[in-house]
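To keep things simple, chains are lettered A, B, C and D as they appear, and every chain counts its residues starting from 1.
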Amino acid sequence: MDEKLKKVMDATYECMQACNNCFDACLNEEHLDMMRECIRLDRECADICQMVLSFSGREGSLRNDLVSLCGTICQACGKECEQHDHDHCQECAKACFTCADACRSFVNA
Amino acid sequence: MDEKLKKVMDATYECMQACNNCFDACLNEEHLDMMRECIRLDRECADICQMVLSFSGREGSLRNDLVSLCGTICQACGKECEQHDHDHCQECAKACFTCADACRSFVNA
Amino acid sequence: MDEKLKKVMDATYECMQACNNCFDACLNEEHLDMMRECIRLDRECADICQMVLSFSGREGSLRNDLVSLCGTICQACGKECEQHDHDHCQECAKACFTCADACRSFVNA
Amino acid sequence: MDEKLKKVMDATYECMQACNNCFDACLNEEHLDMMRECIRLDRECADICQMVLSFSGREGSLRNDLVSLCGTICQACGKECEQHDHDHCQECAKACFTCADACRSFVNA
């Protein structure tokens, strides 16, 4: 498999896990009010990562477009998460930015 | 297509929409604290309904098991939603119970 | 819900079912050789329709992009399916073109 | 994260990729006739693995049931794949059996 594609897959796998973990942890936080957008984006980002994971490993004309969308939502989710001090948010932001980078590298290759 | 299976598909389609709508609306509610479990179950139920929608229309050995799981999570999500007075929760509860019934009828047929 | 969005959802629901039905039926055809691309596209199109179904009913910044991708793959799948005389291929082509139209109307609105 | 759950996630990730790769490669094989069931099971198994990947990383009452179903379909897909001499089938069989083992270990823990 193409090296840049392998990086996308591994990064989306990590990012999906980080987003799902952050989603659960946010819902258990004491001050829930400020986590609304984080919860929403965690779900959206996890779902797109899951989709890319499924599509990346097979032929198809939409792979580039899906990876590009994935980069966009990872960037948005990372921007939201990095504003919160919780460990799960900081870890999620890191995974999101790594994934956004991998997606951009693949699309621009 | 089998009549009971068609009912499952239509019910999961309605239920998935109701759960996603309730998920969004819950995240916009003023008193978020009491909606934690509702948000979590809305997502889980929507995801399983989506899975059943995809699997119901094609051959496969897991259809019955997935429909059975779907009935279980719809029942749980409906029980949670019916406790909240918001219109979106009441509508979601109704869609969940209808779907749980359709799933049970199919599995027990 | 927005009228054009409701049309997208109903059309993707029908299209996903037609594609999954065509996928199964193609795999049971006697002359399998000429159905290769049809089988591959049926799966890809069903998966994107399923994704759009899940995303259309909730808030999110990617809805337009996903509906646009869905229109592209539905058009491609319809073009492939309409070349085959099997009833399931002709029905799938019809559902694909209807869905492609609904997606374009939504994106261009 | 629980060690046995981590094994399930890594195994489903590998298995999903192997199944999607086998699906594509089967559709390009010269003698397609004998690959019908392999193609169908590759898709079903990849879809369930994808579902488990998404559900394993978050709380929820269905995780055990989904992992159990995943073990069942991985076993079935592995049995089918191991009958074919193609490298992609043999590799897929191996990934399927590894994943079936991981699922059983988790469910029986």
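Methods note: a residue touches a chain if its C-beta (ideal position, glycine included) is under 8 Å from a C-beta of that chain, and two chains touch if they have at least 3 such contacts.
Protein names from UniProt, one per chain: A, B, C, D = Four-helix bundle copper-binding protein.
Predicted model only: the values in this text are computed from it and were never measured.
Contact count check for C-D and A-C (C-beta pairs in contact): higher for A-C. Per-chain CA centroids place chain A at a distance of 26 Å from chain C.
Residues of chain A found to touch two or more other chains are 23-24, 40, 47, 54, 59. Taken as a contact graph, the chains are fully connected, with every chain touching every other chain.
Per the touch definition, chain B reaches chain D in the complex via residues 40, 44, 47-48, 51, 54-55, 59-62, 65-66, 69, 72-73, 76. Looking at the complex, you find that chain B touches chain C at residues 9, 13, 16-17, 20-21, 23-24, 46-47, 50, 53-54, 57-59.
Against chain A, in their complex, chain B makes its touches with residues 23-24, 27-28, 32-33, 36, 39-40, 43.
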